[in-house]
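In this document, chain identifiers A, B and C correspond to the written order of the chains, with residue numbering beginning at 1 in each.
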Amino acid sequence: MSWHADARVLDGYADGSLGGASVYSVEAHLAGCPRCRGELSKRVDSDRLDRIWGDVRSDVEAPRRGVVERALVGVGVPAHTARVVVATPSLRTSWILAVATSLAFAVLAGRLVGDANLPFLVLAPLVPVLGVAAAFARPIDPLWEIAAATPTGGFRLTMIRAAAVITVSIVPTALAALGLPELGWIAVAWLLPALGLTLLTLALSAGGATTPAVAGVVAATWALGVVVAGQMAADPLAVFATRGQVLMATIAAASVIVVVRRRDTFERAKA
Amino acid sequence: MSPTSTSPSTAWAPVRALARVEGEKLLRSPLFLAGAAFVALGSAIFVRASLTNPSATWNDDGWTVAAGTIFLAIFTMVATNHAALRDRREDTDEQHVSLPIGRSTRTGGLLLATAWPAAGAAVMVLLITAYAATRGPVTTLDNVHVADRLVAVVTLGVLGLALAAWLPSPFVAPVIAWGLLLITPGEDSQAWHVLTPFAGISDVGLALWHAVYLLGLAALLGVAAVGRTSRTRWLLVAGAVGVGATIASAAVLLTRACPGTGPCLL
Amino acid sequence: MSGPTIELRNIEKRYGAVRALDGVSFDIGPSVTGLLGPNGAGKTTVMRMVATVLAPDRGDLRLLGRDPSSASDRVAIRRRLGYMPQEPGFYRSFTAFEFVDYVAILKEMTDRANRHDEVRRVLTAVGLEDVASRKVKALSGGMRRRLALAQALLGSPEVLVLDEPTAGLDPEQRLRFRELVSQLPGRPTVLLATHQTEDVTALCERVLVLAAGEVRFDGTPEALAGTADGRVWVGADREDGARLSWRMGDGRHRHIGDPPPGARTEPATIDDAYLLMVGDTTAREGAAA
C-alpha cells in the first residue's frame, strides 16, 4: 500500500460522518490494508461490536425451528410453549402417518364396503383419545421423570399437550371427512364425541390410573357403545343423533370440572 | 448371521426353546387375553341364547363366537408384532448381537410360538363347539369354518412377525388391524371378500380351499419374516410352496365361490 | 488353549473424520485386565470389538484364536463370550429371572432344567436371588446393573467383556463384585473398562491406558502409579504451577504436576498417574467440543 487513510478520514468513517464516495474509497482500501484496519479498530466502540457479534452468534447457533414450530409462533403461541408442543411424542410423523392411514381406511371402507360413514365416525373421536394416550404413555415419553420435577411439568404440561393433541387430531380428521360418502351434518357428528371422550380420558386418568390404560378402556367402551346403541335402535348411527350429542356435551362439561378440581393429581408421578 | 453350524437336530433346539418361552408369553399378553375375552363373551351370548330360545342353532346364533375369533386373530397379530419389536423398543439390539443365536433363529422361534395362541384359541372354540353339539346339530361346514378360523389365527400371527421384520414401527400393526377389521365381510359381501382372512363360505370344499389359502399365506409371510435376515435353500422352497398354494387356492376361490348371480358368500 | 486369548494388532477405527483407534496393539491372556481412558470413542470401541459387536476398519483381531470377521468363527467365539455393555438394555416387562433366562436361551442353553439352574446360579452370584420374580422396570438402577452382569456370566464364558460394571453400585456391592470376579470358575480372560481406579488396584493384574486412540501405558497397576512418582506433593496453600490441585479435608492442598524444589512429595496413586498421562488429551477434547 502506498498510501494509508489518515486519522481524520478514519474518525469520519468510524462515526458515520464520512460522505458517500469517500466511504467506498475507504472500504476498498481497508479490504486490503491490515494496518489501517488496526487503526480503525481503535476508534470503534468494542462493546457495541461485541453485542452485535453476540446476537449474530446466538441467532446462528440457536437450534433450528421446524416448520410446525415456526407456524405456531407465527399464529401467536409463545415461543417456549411452541417448543414444548412440538416435542410432544404423539406429534411425531409416524403417529400422524398412522392416523392418516387409519382415517383413509375408514373412508375407503365406507365407500367400498357400503357402511357409509360408520367406520369413520367410530374412529374419528378415538383419534385424539389415542393421541393423548400416546402423549403420556411412559414408554413413549422418556422425559417424564425429569419433566415431573419441573414447574411446567405436571398439570400445565398435560394441558398444553392435550390441547396440542386435540388440535392436531382435528385437522387430518376434518380433511379425511371431506372424502366421506355422505356429507352434511353427519360428517361433523364426530366433533362433540371427540371432545367428550378426550376430556373423559383426562378426567379418568386424574384419578391415578395410567393414561394409556384409561384410553384403551374408553376406546373399547365407545366402540362397543356405538355397536350396541346401533343394534338397539336399529340405526347404526344412533349414537350420533341429538340425544347422543347432548350426552357427549354433558360428559365433556363434567370432565372439565373433574380435571380442574383434581389438577393436583397430575403433579405427582403415578406408581 | 446363520444359526449354529452343528447338526440339524441341535439347530432346532434353540428355536424350540425360544418358541416355548415366547409362546407362553403370548398366551399371557394382555392383547391375547383381550381377544380371548371376546371369544368368551361371544360364547356366553351363545350359551344364553341357546338356553332361553329353544330354536337357537349353532349355525344361526353361533356367529357371536365367530365374531369373537375374528377379534382374537387380529389381536394375536398385534401381540406377535409387539413381541417381535421388543428388541427395538428396549434398545437391546446391540448387546444381543454379541450372542451366538442370530436374528433369523429368533424369528423362527417366534414363528413356532404362534402355535401357542392358536392352541389357546382351539381349546376355547372346541369347548363351545362341544357344548353346541349337545344342544343341536353341528354340521361339517361348521367344523370346517372353525378350522378355518384357527388357521386365520396362525396366519395373522405370522403377519404380525412379517410386519415387524419389514416395517419395524409400532404403529403399523394397529393400523393394519383396523384395516382388517374394516374389510371383514358383513351382511352384504362382495366377490373379492372371499380373499379376506375371515370370509365365511357356504360350501365345504371351498371353505377347505380357503383354509389352504390361509396356510399358503402363512407360509409366504413366514418366509418373508425369516428371509429378512437369512437366505437359505429351505426358505426358497418354502416360499415357492407358499406362493403356489396361495395362488392356486385364490384362483379356485375367486372363480368358484360365486356361481352365477346368486349370493356367493354366507 | 495356548497363546493369548485376545490379540489386537494395529487396529484402526474411524468414525467419519475422527480416528477413534489409531494403531492399537496388545495381547491379553487369562487374567483380569483393566482398561482406563477418557470417555469417548477409544475405550468403548475396543470393548465392542472384543465383544464381536463392531468390526475394525484395519488391523488384525483374534479372539480365542479365531477371526471374528468370519461368520462361523464369530458364532464360535460368541458361545464362549460374555458381554456387559456400558448402557445395557433390558426387557422391562419381563421379570429378572425371565430376562436372564431369555438371554440364556440366546446363549444356546436349550435344556430347560439346566438353564434354570444356571440362571439361578448367576442371579445368586450377583445377589439378586431375592428379586428374581420382580419385573425389571421395578428394579433400581444398581440392581439393573447387576442384572446386566448376571447375563454376562451365563455359561461361565472364557472371555468376559465388562464395560463399567460397577457404575452406580454402592461400596458393598463393589466389594462383592471384586469377590465375584476373583472367584470366577476356570481362569477366564476378563477385560474390565472402568473409571473406578480402586477396582483396578484391587483386581487387575494388568492395566492398559487408552487415550486419543492409542495405548499410552501397558503394565501393572503399581507400575502405572509409579510413573507419577515424585510428581505429587502436599503443601499448605494453592500452587499455581501445578497441573491440578485441590484442598483436602484437613486443610492442606494436594498438587499434581512438576513440584518446586524442596517440596514434600507424596506416594502417587493411579489417579495421579492417569491424570498426568491423559490430562492434556481431555483438555484438548473438551476445548474442541
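What we mean here is this: contacts are C-beta pairs under 8 Å (C-beta built on N, C-alpha and C of every residue); 3 or more make two chains touch, one makes a residue touch a chain.
A quick note: this is a predicted structure, and the numbers were derived from the prediction, not measured.
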Most heavily contacting chain pair (counted by C-beta pairs in contact): B-C
Of all other chains, the one whose Cα centre sits farthest from subunit A: C
Length of the line joining the C-alpha centres of subunit A and subunit C, rounded to whole Å: 43
Subunit A and subunit B: spacing of chain centres that average the CA atoms, whole Å: 39
Mean-CA-position distance for subunit C and subunit B (Å): 47
Multi-partner residues of subunit A (at least 2 other chains): 139
Of all residues in subunit B, the ones touching two or more other chains: none
Shared-contact residues (touching 2 or more other chains) in subunit C: 92
Contact footprint of subunit B on subunit A as seen in their complex: 94-95, 97-98, 101-102, 105-106, 108-109, 112-115, 119, 123, 139
Subunit C contact footprint on subunit B (complex, rising order): 1-2, 4-5, 10, 13-14, 16-18, 20-21, 86, 90-102, 106
Subunit B-facing residues of subunit C, complex: 51-53, 71-72, 74-75, 78-79, 81, 83-85, 87-92, 98, 101-103, 105-110, 112, 115, 148, 161
Subunit A-touching residues of subunit B, taken from the complex the two chains share: 89, 169, 171-172, 174-175, 178-179, 182-183, 186, 188, 190
